[in-house]
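Every chain is named by a letter (A, B, C and D) in the order it is written, and numbering of its residues begins at 1.
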Amino acid sequence: MVKVKVEFLGGLDVIFNKERVHKVEVPQEDPVTLKDLLDYIIDNMIANKNDVPVFIENDTVRPGIITLINDTDWELEGELEYELQDGDIISFTSTLHGG
Amino acid sequence: LPPSPNPLSLEEYNRYGRQMIVDMPSPIESGLPAQLKLKSAKILIIGAGGLGSPALLYLAGAGVGTIGIVDNDIVDTSNLHRQIIHDSHRVNMLKCESAKLSIQNLNPNVNVVTYPTRLTHSNAFEIFEGYDLILDCTDTPLTRYLISDVAVKLGITVVSGSGVGTEAQLTILNFMNMGPCYRCFFPVPPPPTSVASCSEGGVIGPCIGVMGVMMAVEAIKFIVGAYTVENFEPYLVLYSGFPGTSSGQSMRTFKMRRRQKNCACCSNEPSITKESIESGSINYELFCGSRNYNVCQ
Amino acid sequence: LPPSPNPLSLEEYNRYGRQMIVDMPSPIESGLPAQLKLKSAKILIIGAGGLGSPALLYLAGAGVGTIGIVDNDIVDTSNLHRQIIHDSHRVNMLKCESAKLSIQNLNPNVNVVTYPTRLTHSNAFEIFEGYDLILDCTDTPLTRYLISDVAVKLGITVVSGSGVGTEAQLTILNFMNMGPCYRCFFPVPPPPTSVASCSEGGVIGPCIGVMGVMMAVEAIKFIVGAYTVENFEPYLVLYSGFPGTSSGQSMRTFKMRRRQKNCACCSNEPSITKESIESGSINYELFCGSRNYNVCQ
Amino acid sequence: MVKVKVEFLGGLDVIFNKERVHKVEVPQEDPVTLKDLLDYIIDNMIANKNDVPVFIENDTVRPGIITLINDTDWELEGELEYELQDGDIISFTSTLHGG
């Protein structure tokens, strides 16, 4: 089991009851990967299942969403294989296009 | 006549004095050398809207020598809550011409070049050529890919801003031809129906305005040498005007990936080339989905 | 004629539509109720300089019904690198009148009231009376104490900004007559020779500009009810345009003290009263030291 | 001994060799208070002793300088009596007055 903070920024909070910050406990034996967290989010946190494609595409985070592990691009941290630590902050933010 | 021995006029010393006395930490230029760098700089701003309005005013105020403005849109009353370089008397005027008038009123020393045209794969190279820096102040993903692709091919750095609602983002692309490009961050474009790709979404004027002013800060930093090939770290800033859980406003700086070895545009063996862009074989419209973003809630 | 059943004109719906469709999280007002709150709001901006310039433009753009401007200074060429509401044709014009012209050009729906006078202990009460919110965009500590003191006595909230060089600060004072005042934070004034009290220091235009725009964001949040007596937490934002150690720009939000029980101004038994201010027995000049801040390096 | 990060913001860095962020080890037995840190800063970190009054007045931080303990006003944390913990971030920032 691991306790992390999960943030949905850049408008993504609309599919999470408009809550930007969530305390999440993933009830699973270590190691818990970011892939496991995504599965947990899909199964337990997206209020309306029709909204899943807004967040997930082809079993990973949808193109156009930036994923951050403790304020660092997940590409630098192992992406889906990253093993969560207690206290980690995992942030997802849509890219914005308006100007 | 021989050229004047003094590189700035008395009027310019008076106008820029308060910024010339700011002492910058090494290796950033300050004083006269910094002012001369600004004066000889050529900066292209694409989009004279919510981001471009304040960015243009502050860069003109700072004394950037040449400012190019690309925008084929006209001023509409519905723009004026956030596009503060225009005004009610200029409704139906081309935005690039309205912006030029405001810049000339603020600082007649600036040379303004207007491009009242839609940026396309066939005119982008010609427009970009010769500029030292590009500010992407546009509002559709397809244009963001096009700007990044062309800038990579020409070796020009891009300060890229965007925003919607009460949030905004800022990053630097293709820094000195070694930083990551837009495709390094987003190899696959977002589906057109996705939440925040809505170019018709609402926006709080000063929230997008904060980001436009921050783009001017980044542009000045680039010109005066705050960033070098040695110290540059790719970043993405996320600003929130109404962060909700706390008082005040929030700004987060995320550490981002470097250039991607397999990037379609900026890698050593790119599938995207000047030729493929100009020939129209990179279909930006198709690539980014339909331009109809009205599907968003 | 009976009053129109529709509280906004078609022109206003068109003008403000893009901000009215921004959906705010509860309990913040959005849509028509928020726009009507902005329309009926009366905001006083003290100082039409580096902070006031963008704050005034964005508040006018957003449709604040009445905007007061206090400034007895005139436009100078050396202001124009950062005071983007003015322009080169208005050199020697009163700043408050120049700002009024720009506001009327941007949004003729705004009622602008100008006060071409130096704010003093004897005129501050008369000027402040009737405003819902004050923006402190001034540049000397003595005026900051005076504005805070008078606002406390009249029960008016103050959005307070400041900046020098590449840094700037933002806070809310006397929020709803329950938040801390300037004297809660600074019971003893800084010595006039101290580093950052230099009103003649240099400044990078868009760095102070970012803060002016953020002040407009805070003012809008105040008017539309983002802050309540229940949720308000005293804060101080520190912005840095050139943070040095990292790429991008930085913004930190500090959690600040609440009202101080022994505050000379906002406590239950204050030594500073309306009478003592107006009579001149609080000597702001003496209290803050000489007005000569040229001693700074 | 305690290891903390000390920041001098709002222009205060001019009296600390223009360095905004310093890693500091106060070589003293626990508990180390904020007062002890001030003494350490005066004795070891201010390059020019003539600059001490820019930072200190009447044995405490000069009026007009805001002191923060982990981004919180020191008034909420015990001011001079606060006992430093390893990893604390102590920030000092001048108030700015320009506009």
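We adopt the following convention: contacts are C-beta pairs under 8 Å (C-beta built on N, C-alpha and C of every residue); 3 or more make two chains touch, one makes a residue touch a chain.
Fair warning: this is a prediction, and the values are worked out from it, not measured in the lab.
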item: Chain A and chain C: spacing of chain centres that average the CA atoms, whole Å; value: 39
item: Length of the line joining the C-alpha centres of chain A and chain D, rounded to whole Å; value: 38
item: Computed distance of Cα centres, chain B from chain A, in Å; value: 30
item: Residues of chain D whose C-beta touches two or more other chains; value: none
item: Residues of chain C touching at least two other chains; value: 25, 165, 201, 203, 244, 253
item: Topology of the chain contact graph, where touching chains are joined (line, ring, star, complete, other); value: line
item: In contact (per the touch rule at the top): chain pairs; value: A-B, B-C, C-D
item: Residues on chain C engaged by chain D in the complex (per definition of touch); value: 47, 49-52, 136-141, 144, 161-165, 167-169, 185-191, 194-199, 201, 203, 208, 236, 238, 240, 243-245, 252-257, 297
item: For the chain A and chain B complex, residues of the former touching the latter; value: 9-12, 14-15, 20-21, 53-54, 57, 62-66, 68, 71-73, 75-76, 91, 93-99
item: Complex contact set, residues of chain B against chain C; value: 11, 14-25, 28, 54, 57-58, 61-63, 77-78, 80-82, 84, 86-89, 102, 105-108, 165-166, 170, 172, 201-207, 209-210, 213-214, 216-218, 220-221, 226-227, 232-235, 237, 239, 241-242, 244, 246-251, 253
